[in-house]
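Shared between the two complexes below is chain A, which pairs with chain B and chain C, respectively.
Take a look at the complex of A and B:
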């Protein structure tokens, strides 16, 4: 690593020196090093190395805080392990805060004190981002979103072609020439967003959702210029980049004058738009923001769509995306949708707020340098799935779907992985 | 009153002022401003965070029962020791004699608590993951608190140990704001922030899973 300049160090330390509120100071002073968080972390559980204990990750950031922001740390740094921000420290931070944490927050819930470990890891990433030390693989995803409007750099032409192809499929399946996937239409009720993995790799999940919108007779549209629900600025720690991406989506809702922004099946995308987006922009959104799970449930509850549970005859289990359940409160929303579509649903152990991360969160799927670790930590999820004896795993997150697909191959699980829209569309009874 | 009484009272005031400074700073910095649309009940979540969440489906409790039990007893013992110190301060004026059965309950309880404290200290020193996580402050803090509890027991058993009791209290009180013992303040703030975060997003209080 190149020697850190004073300017880089000052930028990073500014984050610690000028806290916006009491949250950061609280969590940096609260850890008592009891080490009981270790057994809640997929990294420690699978690799058994001391460095993966979540408290060690907090300690990296807290030791800098103590060194530069406390009197004891300035006078007797050794007493309280107050460390200098140098190249060695920065390398450790990159390795552990980017490469060994999915920010799933499982350790947070189980921390004996209540330290928001995931939040501290995020602050550590912010410091690294301030020093321009975001792993290049992750930064390239952010750059693609900033430069092209979506994180995979899909051209408008390619996107439009895919959507037209899906529209033709929809027309055939519904046997209705008027079935449509609207693009860039103004004054619709819903602006629907996608994870760019959908048009790129999983276009059938777009047609599944289009089928649901068709059955519900929804007034909706996609945007060709800003349909990307993801925001990898959230994972890189660069809040300025995250704010630019959030603003693009905000502006698109305004431009198309939609009433409701519906967030496609993406855990971090939903989190970074619904919960973090308004904070990036310091603005309360004056339109409703809902996840796709909630809108589907709304259709089911109001009778706008009808489902037949006898269509799917396989055993189904649910993988709870950390950003939607433990950090998003959608535990029962997901269950309502799946259990409305499927008769035989079996839970993993543990599940819900205690569910283990699949290993793909925190930007891990984007950072190829940590692929081996990512597949290693996925062993826990693979075992959870195997024990359920389910043949279908449903999860409302394309990041999780990607990781589960790789785990399916790596651990030979022999399962099918579906999004919520796909499982609901499979059970949909369309009355023309 | 003897010189070491005054010394301890002075240390106590220093400790209170320093901890109050930490607390006032937190109040001054304020709670997070969240612009997102609230989905749950923050008040209920904070109440849950400060109470039931401490044991409800908590792996740090049920996967580590001996350590968790030792930690709980140790913390209760610490609070009782400080209350006892306060009582001794006030009793210099009131001159009340504690009933003998209370003295014996305190001796038994604080002995157990000190034992828990020393066992946690040994665990920290012996267990490799714990050792790698710990710094000098972790050992010093644990040792000072455990010694203070032990000194409390000794003083309750024999008034001849008064000097060592007050000296151990003085050292502990002066050290408290320096190291991790100030989590006395930050623990409650952490529970608040956690309740706020999960309450805002309707995660806490937890819902019964849909069957």
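Take a look at the complex of A and C:
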């Protein structure tokens, strides 16, 4: 690593010294070293090295806080294990805060004191981002979103061509010339968003959702210029980038004058838009923001769509995305949707708020640097799935879907992986 | 065969050293025993797009130019178009949730 400049170090320390944020100070000083977090973490459980204990990750940031923000640390740092922010420290932080944490927050639930460990890890990432030390693979996704409007650099022409293709398929399947996937239409009830991997490589989830909107006779549209629900600024730790991306989506809702922003099936995209977006922009959103799961449940409860539970004859289990369940409150909503579409639903052990991360969260799926670890930690999820004897795993997050697809191959699980829209579309009874 | 270098994700570090024999080797590692004419059609579209535009093609382009159905692609490459087909075609890992 290149020698850190004084300017870099100052930028990082500025984040530690945020005077307005008492939360940070509290959470950096609260750990009692009980060790309960160790066995809640997929990294420690699978690789059994002390460095992976979540409290150790907190300690990295806390030791810098003690060094630069306390009197004893400034005078006799060794006395309180306060560490310098130097190249060695930065390398350790990159390796553990980017490369060994999915920000799943399972340790936070298990912490005896309630330390928001995931939050501290994110502050550490913010410090690294301030020093321009975001892993290149993660930064390139943020750059693509900033420069092209979506994280895969898809051109408008390519996007439009793909959506028209899906529209033709929808017309065929519904046997209705009037079936539509509307683009850039103003004054619709819903602006729907996607994970760019859908148009790029996996468009069946787009047609599944289009089919549900068709059956519900919804007034909706996609945007050709800003449809990307992801915001990797959330994981890179650069809040300025995160804010620019959040603003693009906010502006698009306003431009098209939609009543409701519906977030495509993406854990961090939902979290960074719905819960963090207003903070990034210091603006209260004056439109409704809902996830796919909630809008589908609304259709089921109000009778706008009808599902037939006898169509899917396989055992189905649910993978709870950390950002939507433990950190998003959708535990029961996901179950309502899946159980409305499927008769035989079995839970993993543990599930819900205590569920294990798939291993792909926190930007891990994007960071090739840590691929081996990602597949290692996925062993826990693979075993959980195997024990359910389910042949279909449903999850409302495309990032989880991709990690599960790799786990399926790597650990020979022989399962199918579907989004909520896909499983609901499979059970849908369309009455023309 | 020369020692092949892969990145952490199993994608070729240097896409320029790709050959048909390399494709076969990667495919085997993915559990694809034989590369059929259909596999090659997909691989060729991906490589052509990569050489011309520097990135993986849309799945739309692959289907259009090979006349294969969308679902066929997922059967041919069980790991999907990105981690499956693009890897066999010697491309670097596409950005994003793939």
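Basically, the second predicted complex is superposed on the first by the 431 of 432 C-alpha atoms of A that agree within 3 Å, B and C clash if a C-alpha of one lies under 4 Å from a C-alpha of the other, contacts with A are read in each partner's own complex, and residues count from 1 in each chain.
Just so it is clear, a contact is a pair of C-beta atoms (placed from the backbone, for glycine too) under 8 Å apart; a residue touches a chain by one contact, two chains touch by 3 or more.
On a predicted model such as this, the values are computed, not experimentally measured, just so you know.
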Based on the shared chain A superposition, would you classify chain B and chain C as clashing or fitting together?
fit
Please indicate which partner A:5 is in contact with in the superposed arrangement: first for chain B, second for chain C, both, or neither.
neither
Touching partner for A:313 - first (chain B), second (chain C), both, neither
neither
After the superposition on chain A, what angle is formed at the C-alpha centre of chain A by the C-alpha centres of chain B and chain C, rounded to the nearest 10 degrees?
140
Who contacts more of chain A, chain B or chain C?
B
For A:187, decide between first (touching chain B), second (touching chain C), both and neither.
neither
If you stack the two complexes on chain A, which partner ends up touching A:257: first (chain B), second (chain C), both, or neither?
neither
After lining up the shared chain so the two structures overlap, which partner does A:353 touch, if you call chain B first and chain C second: first, second, both or neither?
first
Is A:108 touching anything from chain B or chain C once the two structures are fitted on A? First, second, both or neither.
first
So, A:201: does it touch chain B (first), chain C (second), both, or neither?
second
Per-pair minimum CA distance [chain C against chain B, superposed on A] in Å:
25
Enumerate the contact residues on chain B facing chain A in the complex.
22, 25-27, 29-37, 39-40, 49, 53, 57-61, 63-64, 67-68, 71, 127-130, 132-138, 140, 178-180, 182-183, 185-187, 189-191, 193-194, 197, 201-203, 206-207, 209-210
Which bits of chain C are touching chain A when the two form their complex?
7-11, 30-31, 55-56, 58-61, 63, 70-71, 78-83, 93-98
Of all residues in chain A, those that touch chain B in their complex
19-23, 25-27, 29-40, 50-51, 53, 55-56, 59, 72, 78-81, 108-116, 119, 274-279, 281-285, 288-289, 325-329, 331-332, 335-336, 339, 347, 351-354
Complex contact set, residues of chain A against chain C
137, 140-141, 144, 151-154, 158, 161-162, 165, 195-197, 199-204, 230, 266, 365-366, 368-372, 398-399, 402, 405-406, 409
